[in-house]
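Worksheet for the structure shown next.
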Amino acid sequence: MKILSVENLSRSFGGIKANDNISFDVEQGTILGIIGPNGAGKSTLFDLITGYTKADNGKVQFFEKNIFGLSPDKISNLGVGRTFQKLKPFADQTLLENVMIGAFVKEKNIKRARDKALEIIDFVDLVEKRHHFAKELSTGQRKRLEMARAMAIEPKLLLMDEVTGGVDQKTIPGLVELIKKLKKTGVTIITIEHNINIIMEISDNVLALDQGQRIAFGPPKEIQKNKQVIDAYLGTFDAA
Amino acid sequence: MLLDIKNIDVLYDDFQVIWDVSINVEKAEMVALLGPNGSGKSTILNTISNLVEHRNGKINFENKLISNIPTFKRTELGISHVLERRRVFPHLTVKQNLQLGAWHPKAKDQINQSLKKIYKIFPKLETRSDQLAKTMSGGEQQMLAIARGMMGLPKLLMVDEPFLGLSPMVMKDLIKIFKNIVQEGISILFVEQNVRLALSMADRGYVLESGRLVIDGKSEDLIDNEKVTKIFLGN
Amino acid sequence: MTSEIILQAIVTGLMMGLIYALIAAGLSLIFGLMEIVNFAHGEHLMLSMFSSFWLWSLFGLDPLFSIPITILLLAFCGILTHYFLIRYILRAKMLIQICATFGLSIFIRSIAQLLWTPDFRNVDKPLLEGRIEVGSVFIGQPQLFASLVCLLAFIGLYLFVTKTETGLALQATAQDRHAAEVLGIPSNKMFAIGWAIGLGCVGVAGGMMANYFFIFTDVGINFALFAFVAVALGGFGSIIGCLYAGVIIGLVESLGGLLIDPSFKLLYVFVIYLLVVIYKPQGLFGRY
Amino acid sequence: MESKLIAAKSEPLWNTNNKVISIVCALVVLLFTLPLFGLNSFYLHLFIMIFMHAVMAQSWNVIAGFSGQISLGHGAFFGIGAYATSFFYMQYGITPWISIFFGMFISGIFAILIGIPMLRLSGHYFAIATLLIGISFQVVFQRWDLVGAASGLWVTMTPEDSWIALQFHSSKVPYYYVFLIFFLITFFVVWLLSRSKLGYRLRAVRDDPQAALSLCINVSNYKIIAYVISAMIMAPMGSLFAQYILIIDPDRVFNIEISIIVLLITVLGGIGNVWGPIIGASILIPISEYSRIYLGGTGGAVDLIFYGLILMIICIFRPNGLISFIPKDILERKKQR
């Protein structure tokens, strides 16, 4: 079953087409990886889907319900969670409080919301850090915090922006395991990732973008061999 | 040796982004810094111009330790930094942008010669000299940013992602310009994602992965190196 | 209501508007540079008026001649402000920045009250006095002169910022601090210059107004409010926008006062402010 | 692994530090018994002012500290409260006990009316707009004849002390208790608020509105809620103040200094923290009252010089307020690691 379907989504900023007629579908329970070089329009695509940026035109359907043009809080209320590339933790609050704010969406009782938040924090393996302020956590831990916080709203679809970006090499395997573990819970995931190895390892499908355009879509093995993708990453000699 | 970086670490707050990196650039040499997104290439350039402080290690320029010299005094030494995404002053004209490039006294004395030279290299900038920078296309802005960097009479020109978002035509122009600059005895250190393009023009390359130097060497040796390909495309 | 009265109100509004414009330009320059609103702007204006007053009452210098001294004093005051307060809060949260300049405003105003009491003062028999009649419109000479000087100062400021090297460097720092820094332009020095010039503008306005305005410790509050509004109307950071916005405010104030009720001047300006910031948050004339 | 989770879940919801609780309880008891020791009227007045300003600052703390909107015109709600009780009492003979709620209600309505357009503004725009609002109220009331225009309202005095009219002429002790009780209630309410779901969400809005949106929080609605709550805390203090001094006029109850002092107290004590306003008020108000006695009377506002200086010094050196001197683990929010 299609959980998300995006059709001809476009957005330009002052003449530059950040997203140009992007279309793709996501099947429920799968992981879609989005790759592309710097400035390919990956994060813009996330912002368009979740309503943070208004699209110029296009169509976004979530469970066959049109969510195009809704405000971000309404979209998240329907069950779309997200994390941010430029991390946005609630810096002056503890990890636990951060996740509790997410948990309050489904759970009104404070005690039960706390317990639920703790379970999720345990899931991302940060229980010992629960009383640390978000600003005291390392980047890798803050990434987990954002994942946990987004999970706490019990999303059906989770958009994750560069989970492994900017973190120490040593912590990457742990984050990858976490994504895999998350998939097993039945959540559909779209993840932006620049580390190709990880994308190949976890995704069911890969969407490759370059300069705002969709250049390839398909299973990872195919994408890795796709000439356009290789050119986008390694460049071409044409110019030289 | 013009620039010599020895074993630097860089931390943002408590979080380390650069681990024990050493890089050097000779006079009149073109060197490429390569690596996937977020591998720390820009951070290294920012460290060289002291927009970001480094811990441990040393940065020497012309055999002089410059680790503690503030950013704004580094152009005078001969280090020009063209920041990522161009960063021209959008509400100033092309000419005003160029003027500001020649800020330290030595550059100011020579501003007219420099302008002439720049206009020869970038003829488009002369015809558009009274236009606001924001009205120019991406490629023209990139040219302007590089030209502005040249106005400071650098010995080392650092360019962050010069080819990002440029059309193949403009890229070709820019490559020629880079070669001309190096022929004049100025060294170029540039950050690039396009490995093949970068290595086709640079003398040497350094490849970074997650803040660590993985491999470096002459361009010929790197260009179809399997290890490099793996870093970018995976196993 | 005759057309003469309306014409009179327009002239009065225009003259006042030019003064607002210059005060706002100083505020806008500072904001454009470092995104800090100087909530002590009105108090700085008050200081400049008192500077003019004391130079007159202690040394018998007419406000017309003491203007350069007042400007220098205020510019120095700006550098002090930057050096002792602003540079510490550049990276602080906006709340802290607001509180800091707010604190400065309370500090200056209450010190002034302690030193000079809240009495109203004025410069007695200045060189410029009386009014001239043009057609059926009366124009106060000091008012006319003050607004012309403010206009000149405004043009001077505009030329300085757009034509001189330092002015360009100021603009560059405002537009992209880091890009300016890597070219060798020290932002800290630029900030200090910005404060000096920003308060220098206030020095001109206050010094000229000392000719005809009552001088008291709370005099700055209303001017500062109008300057805040002018900066928002003109687009935060836009200098030329301040000119239009200042004039608009002057006209709204005097025409509103004439057509509706003079005691609610502030409200008309406030309504204009709300309409603009809600419907056109980038200001009427955009940034820069 | 599992055990860590179980241990975490078995933690109490709030870290209740027994020492803090007993100190707070002792203080409350002390405050209730203080007048019995025969405090003279100056000290009674001092405490009344501390209570009042602590509540006013707490009101500001809710909008600025919890939801991150910097209002520079909060005095408006104080004035509304003051005028509501006095006006309804003089015009219709309604007891202040009821019209306190009128004042709260009117303030709340105004907060909604003002909040809907203004809370769309962010940062400086909002701050400047609120500054203008505060002064606009003063201007309007100065010209509004129904409420006595610039000369204000002189509340008709009852011949004797009256609990119904909330007027006491012979002693300040009843006022002391009234203010004390409002003070305690407000703090309890805000303390509850800070621990409630609403409190969590407001802090989320303050810390990062964008991230809050991704957690189904309608940011603009929550800002308005905070504004309304804040206004409704402020209004009763205006009402009580009017009953305390029995003469109100626009220059007194809509004075911009009211908006300033609430900001000052909160920033000094610690913004965004329930205890901040108490600490701030108990330091600033005595400074102010004493300086008025020893230095005042010359027309100079010496206390304001200190205020300005303190505010700048705090902003430079202690942006988190004096409360940041108290080790975090003593306070509730940080629990054992």
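Order as written gives the chain letters A, B, C and D; numbering starts at 1 within each chain.
Here is the rule we go by: a residue touches a chain if its C-beta (ideal position, glycine included) is under 8 Å from a C-beta of that chain, and two chains touch if they have at least 3 such contacts.
In this text, all values refer to a predicted model and were calculated from it rather than measured experimentally.
K.L.:
Spelling it out: a chain qualifies if it touches chain A and also touches chain C; which chains qualify?
P.N.:
B, D
K.L.:
With chain centres defined as mean CA positions, report which chain is farthest from chain B.
P.N.:
Greatest centre separation from chain B goes to chain D.
K.L.:
Most C-beta contact pairs, which chains?
P.N.:
By number of C-beta pairs in contact, the leading chain pair is C-D.
K.L.:
For chain B versus chain D, what separation do you get between their C-alpha means, in angstrom?
P.N.:
Taking the mean C-alpha position of each chain, the two centres sit 55 Å apart.
K.L.:
What's the distance between the Cα centroids of chain B and chain C, rounded to whole Å?
P.N.:
It comes to 42 Å between the two C-alpha centres.
K.L.:
Would you mind pulling out the distance in Å between where the CA atoms of chain A average out and where those of chain B do?
P.N.:
About 32 Å, centre to centre.
K.L.:
What are the touching chain pairs in this one?
P.N.:
A-B, A-D, B-C, C-D
K.L.:
If we count contacts the way the header does, which residues on chain C are in touch with chain B in the complex?
P.N.:
Contacts found on chain C: 165, 168-169, 171-172, 175-176, 178-187, 287-288.
K.L.:
What part of chain A is in contact with chain B in the complex they form?
P.N.:
Where chain A meets chain B, its residues are 16, 37-39, 138-139, 162, 165-166, 168-169, 172, 194-197, 199-200, 211, 224, 230, 233-240.
K.L.:
Given the complex with chain C, which residues does chain B contribute to the contact?
P.N.:
Chain B residues touching chain C: 49, 51, 70-76, 80-81, 83, 87-92, 96, 99-101, 103-104, 148, 152.
K.L.:
Taking the touch rule as given, give the residues of chain D at its contact with chain A in the complex, in rising order.
P.N.:
1, 4-5, 8-9, 13, 195-197, 200-201, 203-204, 207-208, 210-219, 272, 333-337
K.L.:
Considering only the defined contacts, which chain A positions touch chain D in the complex?
P.N.:
Touching chain D from chain A are residues 50, 52, 71-73, 76-77, 81-82, 84, 88-94, 97, 100-102, 104-105, 108, 110-111, 113-115, 118-119, 121-122, 127-128, 130-133, 149-150, 152-153.
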